[in-house]
Amino acid sequence: MIHSQILERIQETPSTVTLKFDWIEKVLPGQFIMIWVPGQGEIPMSMSFTGKPKGITVKAYGPPSRQLQQMGRGDTLYFRGPYGVPFTEIRGAKLIVGAGSGIASLLPLVDRNSTVMVSAKTESDLIYRGKINAKRIIYLTDDGTYGIKGFPDQVIKDVHPDDFEYIYVCGPEAMMYKVLLALKGRNDRAEFSLERSMKCGIGICDSCSIDGIQLCREGPVRGIGWLRESKEFGMTKLDRSGRRVRIEL
Amino acid sequence: MLSQSVAGIVLESPLMLASGILDQNGYTMKRVLESGAAAVVTKSIGVEPREGYFPPIVSVFEGGLLNAVGLSNPGIIHIGTEISIAKEAGKPVIGSIFGATPDEFLRLGSAMEDMKVSGVELNLSCPHVKGVGAEVGSDPALVKQIVSTLKGSLSIPVFSKLSPNVSSVLEIATAASDSDGLVLINTVKGMAVDIYARRPVLSNMYGGLSGPAIKPVGIRYVYEVKKELDPVIIGVGGIETADDAIEYMMAGASAVQIGTALMKHGISVFSTIKKGVAEFLEKEGIKSVSEIVGVAVQ
Amino acid sequence: MLSQSVAGIVLESPLMLASGILDQNGYTMKRVLESGAAAVVTKSIGVEPREGYFPPIVSVFEGGLLNAVGLSNPGIIHIGTEISIAKEAGKPVIGSIFGATPDEFLRLGSAMEDMKVSGVELNLSCPHVKGVGAEVGSDPALVKQIVSTLKGSLSIPVFSKLSPNVSSVLEIATAASDSDGLVLINTVKGMAVDIYARRPVLSNMYGGLSGPAIKPVGIRYVYEVKKELDPVIIGVGGIETADDAIEYMMAGASAVQIGTALMKHGISVFSTIKKGVAEFLEKEGIKSVSEIVGVAVQ
Amino acid sequence: MIHSQILERIQETPSTVTLKFDWIEKVLPGQFIMIWVPGQGEIPMSMSFTGKPKGITVKAYGPPSRQLQQMGRGDTLYFRGPYGVPFTEIRGAKLIVGAGSGIASLLPLVDRNSTVMVSAKTESDLIYRGKINAKRIIYLTDDGTYGIKGFPDQVIKDVHPDDFEYIYVCGPEAMMYKVLLALKGRNDRAEFSLERSMKCGIGICDSCSIDGIQLCREGPVRGIGWLRESKEFGMTKLDRSGRRVRIEL
């Protein structure tokens, strides 16, 4: 297990915190770590800062992520990684679509050639506000408290996705599935960062698998062409016991 | 040249996927089969769904892996979906089951038979879940009863997977000798402590060791049981290369299972090993892989 | 900061040489002590000289070593010369002994006491010699009798070295609980087959696994025994680095022994690990190494 | 275990055979292998040929070496190595002293700058006769059946050892010990290849140790300065059980 002390804690929203720490390892946008909160559990986290220092952005759900939120400067992070296949990085025009804490894994991709769509349930859930250094930023909230009222799949056509060399998407599976449908006709140059329960992170336990591939090894980033062929994406997944359940759209 | 029949199950090669590794999701099992495995063994299935332990469930160390997945499984009534998907590959699927009593094993075995698996593998050896696994598997009388109950009721082959965490493997192997074959070995009990966090890494504290570290232990069990009792054996534990698979077969295994190697080598390990075994046989002038089974046993 | 007392034996650090590795020739033991080991344990000594098995007596594999030296030893009457030479280093020498009966152990233990060793270590666990070692060490009644015989007669500390090749370590540890300390673990039984020669590599067929491969097994035994019975424990098995030594101590070991690491790292491994442990303690603000003993046990 | 097929078998003397085989590993003069004769045992053997092909020269004693002698072209050799510290190789004038099969480990050192003394009990035991390509070759036999009658330590002064930049010695310990004494005053630039029972070859079993060092790792080649300080060289060694026995001089 790698360990590193937290250098800085940034409260992004009431339920979301960024933790910065030193780690010399080279990490690419889209890769993740398995972060161990002793006594609480181990969870996958995308690297939201891949430069120096490194950082993760954590939303509070259950015990491990809630405990992470309690941590601050000087506390020790335990983790292993980096794991996973990164996004394909390009220099040209990018459309970046992040919903909820999904924007965390996309943040390291953002540059002056990027148009970024950030969505959240409500204004207070929008993370990195004012900190994203892009060509254009479009905010959306489900309830309209900030920016456009609506969901990314509903407004994506307005930014003319075909004008972008590459499109990157991360967020809840239902949202990503709908974006996939909205990008009808496009079969390449778009990548999605998927999410499944991840127990091992090393391609052994099968908990993160989709269509026979292990997201921890051959994901979490997958290309749009592959996703169109998927029998499980947007349809079913296995719960923590391995039981197949429907994905709510 | 590579095809091999084990307790009547015809395998295109002696290489099977071990229980518990990439065999929970039907699509994964299907892909593993399509990538060169001759058969898959499902994750061990019990009567009720189990989430298993909270992560950390694995800890990698030099020479292998320590795991305490905790028998997470969807329960026997939900595994059918996955088995059907896996069976689309057209190759044998073996159902692994665990329980506490002969009755439980029988319920599970019968359900598996109904799902048209090619055989059942009794997990008598999981080292890290109380009341099932190794606790059952270190009681010779109970093992004998479970095996004879299943053999009396099922028509598909019954394999018994044994634990290496025992004083005398021969005693347990003898108790399980009504099985159509023995699967040797399950993981070796172990543990890892993180010295900075000052606590065991696995949420379950104890786990099971697998990978290259345990290969000599597996070879020893296969050899010793083959030499003393001569049953049909499926060898498992630390196989990463064709040489490892051949070593197990020469020590007495009719087929082998591969698990932890998928961590380092990915699913392509099956085709790599298959190719390697074929090359070895050719180079050594051996016509059929069955000829090497047990040749090292003296 | 590093000094540690184990059953009354004062050690300048918790790092000892394990029995059977570079401890047959007095000059070697002396050099090991002068190179940084706090104590050495002699090769296990029996009543009569034994040549041990013919080579091959070792087989290296990924993650460790397999050995079947076969308890080669000059016999108790000839080891005195070597112990005297070793003692020139002015550090504790512990005499390891093996036998088949309490009487044999007593003869050996008394002779060792006469040679002014600092303690005796009962090898109840060699996995590859018939009639002694693990065969003795897996019989709780016999273990109890041997330990109480020695405790009743000797005035130096008595350590019992236990085997990991048992179904229940707690049963044996309980039987040996009169000892001043338990040494955990001896090697794990294993085997290697050469696929070109088509036969086991070791002349004895079976051997004992040591090195990094067995570290998780050793950690588990130390932790489990510490947690359940809380005896004084000396940890051994796969220690190669300061982190490994610290891991054993946090799992419950008051001192550790190092063996197979000498193959990869040479005799300087003692000073390297000593330095590493000191640095760890300093970095973590721990005053004495004794403070970390068992801290991970929950 | 490495395995290789024997390419050539050369009967050097009635009791000594050279076996040549392919092995790509780089091996230096003085290094050895542990050679396994399945069913018979495993023994240390110096490499007597370190170029291409490699070779060993085996004298028959017990079961493994006798079995090796039975082998021929096409048979398989099993071995591990190379082990040990090689001789220090120099370009200048060398004196090479090999007694009995001791010459085997010295053979790869021989060049046109070498004066070689080869000794044996009797004429028929002299190996490599007519095959050593040196500046000068001096043969000795104990019984005078060929060359000078006598032992190397008795005649070494006649070749003026001080004239040589380096001296290399290999043979029975009694002979080497006497040579050491004969080289009175010389404390460097002379190396001896020692022999002790070798069971493991990897610095673990202590069977090959002398004065605390393991010949399999830090030998078999040792310098004359170190040997002069040795408490065991020429004095005592441990037998196969570990019992200390005197060395017969």
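For reference, chains read A, B, C and D in written order, and residue numbers begin at 1 within each chain.
In the analysis below, contacts are C-beta pairs under 8 Å (C-beta built on N, C-alpha and C of every residue); 3 or more make two chains touch, one makes a residue touch a chain.
Everything numeric here is computed off the predicted structure, so don't read it as measured data.
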Hey, which chain ends up farthest from subunit B, C-alpha centres compared?
-> D
At what distance in angstrom does the C-alpha mean of subunit D lie from that of subunit A?
-> 66
For subunit A and subunit C, what's the span in angstrom between their mean Cα positions?
-> 50
How far is the middle of subunit B from the middle of subunit C, if each middle is the mean of its Cα atoms, in Å?
-> 33
Indicate the whole-number Å distance between the mean C-alpha point of subunit C and the mean C-alpha point of subunit D.
-> 36
So which bits of subunit B are touching at least two other chains?
-> 196, 199
Answer with line, ring, star, complete or other to describe the graph linking chains that touch.
-> line
Pairs of chains found to touch, sorted by chain label | A-B, B-C, C-D
Subunit B residues touching subunit C in their complex are 61-64, 66, 138, 165-167, 188-193, 195-196, 198-200, 205-207, 209, 212-217, 219-220, 223-224, 243, 246-247, 250-251, 280, 284, 292, 295-296, 298
Subunit D residues within the subunit C interface of the complex = 1, 3, 34, 36, 38-39, 41-43, 76, 78, 80, 198-207, 209-214, 217, 231-232, 238-244
In the complex, subunit B residues that touch subunit A = 21-25, 27-28, 30-32, 43, 49-52, 54-60, 65, 67, 69, 72-75, 78-79, 81-82, 194, 196-197, 199, 201, 203, 259-260, 262-263, 266
